[in-house]
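Below is one structure, written out as structure tokens, with a few remarks after it.
Chain naming follows the written order as A, B, C and D, and within any one chain the residues start at number 1.
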Amino acid sequence: MSFQVVRTSHAEYFVTDLSRARAFYVDTLGFVLTSEDEEHLYLRGLEDRVHHNLVLTLADHAGAGHVGFRVASPADLDELETLAQHQGLFHQRVRDNTEFGVGDALRVQDPFGFPIEFFYETRAVPWMLQAYDAYHGAAVMRLDHVNYLTPDIGACAAWYQEKLQFQLSEYTVSVENGRDRLWGAWLRRKQTSHDLAIANGAGPRFHHASFIAESQATLLRVADILAAKGAVNHIERGPGRHGTTNAFFLYLRDPDGNRIELFTGDYLAVEPDWQPVRWDLNDPRRATFWGAEAPSRWFNEAMNVYHWDTGEAMAVRAATLPDRPDSVD
Amino acid sequence: MSFQVVRTSHAEYFVTDLSRARAFYVDTLGFVLTSEDEEHLYLRGLEDRVHHNLVLTLADHAGAGHVGFRVASPADLDELETLAQHQGLFHQRVRDNTEFGVGDALRVQDPFGFPIEFFYETRAVPWMLQAYDAYHGAAVMRLDHVNYLTPDIGACAAWYQEKLQFQLSEYTVSVENGRDRLWGAWLRRKQTSHDLAIANGAGPRFHHASFIAESQATLLRVADILAAKGAVNHIERGPGRHGTTNAFFLYLRDPDGNRIELFTGDYLAVEPDWQPVRWDLNDPRRATFWGAEAPSRWFNEAMNVYHWDTGEAMAVRAATLPDRPDSVD
Amino acid sequence: MSFQVVRTSHAEYFVTDLSRARAFYVDTLGFVLTSEDEEHLYLRGLEDRVHHNLVLTLADHAGAGHVGFRVASPADLDELETLAQHQGLFHQRVRDNTEFGVGDALRVQDPFGFPIEFFYETRAVPWMLQAYDAYHGAAVMRLDHVNYLTPDIGACAAWYQEKLQFQLSEYTVSVENGRDRLWGAWLRRKQTSHDLAIANGAGPRFHHASFIAESQATLLRVADILAAKGAVNHIERGPGRHGTTNAFFLYLRDPDGNRIELFTGDYLAVEPDWQPVRWDLNDPRRATFWGAEAPSRWFNEAMNVYHWDTGEAMAVRAATLPDRPDSVD
Amino acid sequence: MSFQVVRTSHAEYFVTDLSRARAFYVDTLGFVLTSEDEEHLYLRGLEDRVHHNLVLTLADHAGAGHVGFRVASPADLDELETLAQHQGLFHQRVRDNTEFGVGDALRVQDPFGFPIEFFYETRAVPWMLQAYDAYHGAAVMRLDHVNYLTPDIGACAAWYQEKLQFQLSEYTVSVENGRDRLWGAWLRRKQTSHDLAIANGAGPRFHHASFIAESQATLLRVADILAAKGAVNHIERGPGRHGTTNAFFLYLRDPDGNRIELFTGDYLAVEPDWQPVRWDLNDPRRATFWGAEAPSRWFNEAMNVYHWDTGEAMAVRAATLPDRPDSVD
């Protein structure tokens, strides 16, 4: 098969109040509002040339909708449909604008329960990169990656590498009796540290979507702004530097409790002979390079994911490996 | 005499269109609008506890109004009045709110033709320092200093030191026949590099008022924003680092052609035995530490100043010393 | 009395290994080494015009030596000696270079047990402000303040205000039965947020000396460097922004366990009618503006102080007020 | 043909004094020295996983050696050899370590006179990305792009697109009688704004190689350091922001007069339907977004390139189009 997944391109979150969500994502964080209707906000970053990198869909609950992967050509959808058939996965072709701003698409429930979507076409939007008068908040530039939790970490990481040609940038292992067991995988299609991180944990659950902030300074500024607005409780973890990927991060909860990450400063991964970076789960510099622990709720809580067909929340199975470092409660 | 000038506290500029000025100073640069009336905008910085650091007064011409120096106590005004009398200077006591937001004041035309004002009281305003949701543009924090041009550089610098107890932080000399002649003086009352810079040139003219930007990054961002708005012509010089004072700078022209500087990163000058720093006018690192020349219009053009009593522009006399480095046209 | 304390000018720490301390303070953090002898390292910042802002003295234990306050003129020492006499405090005049690089000095044990020193003269040193090839690490610029712990918070804050003319910039209160009880005081002589912070706690103990980092970016970079060197355990708290003072901070432990703070971005406090800022001990934004808790060891541990005369550690009395927010263990 | 050029991977410069060059590139700018011999310095960036991004070769003159393009697999060299044969270009296969640290390579003189090289293998080196104790100067991260001058701008840009599958990110046109004539092309293989810029001018000449600085702040810091070292004359243009590519830049001359650019903050170019950005040569924001002109010597001067076979400088032909904006002398 010869399709190419280009990148992770958008995520969908469920929110219970669109105007409250708009205040958070657009006014405070600095997303660009591409368009909206009564049930959706379509958001993008200042650097984006796609219609949206985040769809907020009105619902009666929080949670993660789906992840949209962009492919290199319309014909790739056929190839991917064949793959889904062979794998016996739920899949469905949908027409242009079934999701507003997105062309013909292929919806698939992956083998681990995550609802994903492939598409090529996207509605043209103005490039805001040099519209500096529109920069504010963290100055969100683009979607960087999404993060899954699954008890099937080994199989799931293998599937995205073998079937969708993701490449392994970094990985974390839990060492048991001197043997490495895969605990987390940072997988890329575009030439940065990752498009998809998969971590061991109860799942299928969606941990976060991560968006590029313009700079360290704007990422820090968002924490200042949230505090200034009396919204300190939206700040969950950080700011800090990750050991894995090397990026600066800040984890936030939106007004519905959905988690996003702001992220900046990882690296280009261009070399054809890339050797993946190995981290021990208990390395104090792994999660936060400076040694601070993530709070336990960062490990405990994550978003449900839903079935494309039924709309029902996927059943969550417990992790079999330890789901956090020894030092975290 | 025992008065204390605390700092340079505000400047007044004449503008011909208040709404255009507001768009520039408030929307683009990031000043806080304290209040306004039909003939004035009263602006301050995010760090200010005074009512305004810049008054924009509607007029039929551009130009500099006056400079307001804050003193340490109301009684200081009497001491300063005595000084003005002894010196035979035009002076006038004005009541509370003659300038809105300012208490009783003493207006003086200094011996070199500059209209200045002393006051103690100022109307209380909210401190915006941690109102990070209000930060934008350069995030103007406070007034730093004003800059005069005068052919009487030696006498003028001496007067501010001897009569008003300003202290010399740095100075520039023009070397003639191996002898230093004072070309410029950086004088302070508050504990930073300066409150008042005086340079040799045709005068009395007002070169610029200088305002603190939050950071290097916000100072640079304002240049981005001006370019994004198609207002590149407002950028006159910089961004760059000064040799004198060590600060990052950006010189801008407002829509009427008045010049302001954005400034950040000089130093604290606290030590009681401070030794002034000497610079040669022709040192390539003096004006811009990185060696770039200021454009000739930065030397040629400046704002008129006016007489407190008559409102007429002060006659401008030519400089007798060279008014710029040899390398500038 | 007419003396003027200009600023907190230096601190002394005891260390057990000078070469290990030099690697930490000079190589990693970016202090400038002014001079050294077999028992001392004399360090300063890149912006300093004083001989040292930190003396590291070889000892068989960690701990805080004394705090040096600079005064405005040599005659101020006589005035302060009279004050010490009237107050019945241990005091001692010492000659030029008793502490290397410092002129004649007056040593005093303050009423709360802290060993302090007043001096005017200091040996001239090159100003490194524009020696950018020497900047590294956090690029330490100058001493900002020191922080005391004492059970006598009310009396101690009052003494520094009434006897030494410190001014109150901000304060924290513990609210009991609807009444404010002073919990901490941020006191200044120079025109920044503070020279001396005093907090309620078991004492007399010395919590930290705080040094200005060149920028947010260099402060963050020191955390990166410590992690890169495998010295993550030196990072105790932060980086973050303080609510009180608004500054960015990072608390570190030196190789002997002494605590220092790196600090940047508070404000100028120049106005003669400054109204102190009030904070509630339990305000989640007070200590870290973004809401993160300080670790409990930051509250539990502090450095001993010693008597000028006997060299013995001062006895520590417990605090009577709560010594930390309710939310910290 | 199915080869893939991965990226522009290294450049070679001639220098007349290796120790002087080392002081400039390694000590001042912050390149990592991978290895050296009597005739070469092999430099790389902190983010590099290749042996070098710049080779400095001892010679009796300054100038540009060659440009090294990395390919995706060893077999790509055969494909490229066939291409060179078909095109009638000078080409030569060289063995492992003919250039130290580089595997088997194919050397080609391109149709426009530029000496280029293709290779797959490179000697493993430690990844310095998190070795923050080694960061200094501008903290050079990796090679970004190289810049050619040629009178054959149209044909040259077409060749790299059609034969080597470079993609057009942005382009500049000179408008004549209402018609666009291509003046410059920004071409990419990796997913950033470019790997190769080609501009109209007398040529073949090499204008600069451009290296990523860690941040705006480190790029600015290098200007400070050069000034501190009395080497202001190494600063040729900037710092500023480019209109084209949006990146921050600083152009420097090395001690032999070779030109490099430091560069940071362009964008990811990932989308499969990328629409190239068009700029008018006379747009005041094109070269420097803030409107400042490049100095005329930046247009006038460039490095010779040499023939792989004879080692002789390629003859330079004049440009037929205007080689700079109307506003530059």
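The rule is short, and it goes like this: a residue touches a chain if its C-beta (ideal position, glycine included) is under 8 Å from a C-beta of that chain, and two chains touch if they have at least 3 such contacts.
Everything numeric in this text was worked out from a predicted model, so none of it was measured.
Taking the CA centroid of subunit C as reference, the farthest chain centroid is that of D.
Between the chain pairs C-D and A-C, more C-beta pairs are in contact across A-C. The geometric centre of subunit B is 34 Å away from that of subunit C, both derived from CA atoms.
Taking each chain's centre as the average of its CA atoms, subunit A and subunit C sit 44 Å apart.
Taking each chain's centre as the mean of its C-alpha atoms, subunit C lies 49 Å from subunit D.
Each of residues 130, 215-217, 224, 227, 243, 289 in subunit D touches at least two other chains. Those residues of subunit C whose C-beta lies close enough to touch subunit A in the complex are 216-217, 220, 223-224, 226-227, 232-233, 235, 239, 241, 243, 284-285, 289-292. Note for the complex: subunit C touches subunit D at residues 28, 130-136, 215, 217, 221, 224-225, 227-229.
Those residues of subunit A that touch subunit D in the complex are listed here as 6-7, 47, 49-50, 70-73, 120, 127, 129-130, 142, 190-192, 215-216, 243, 246, 267-268, 270-275, 277, 289.
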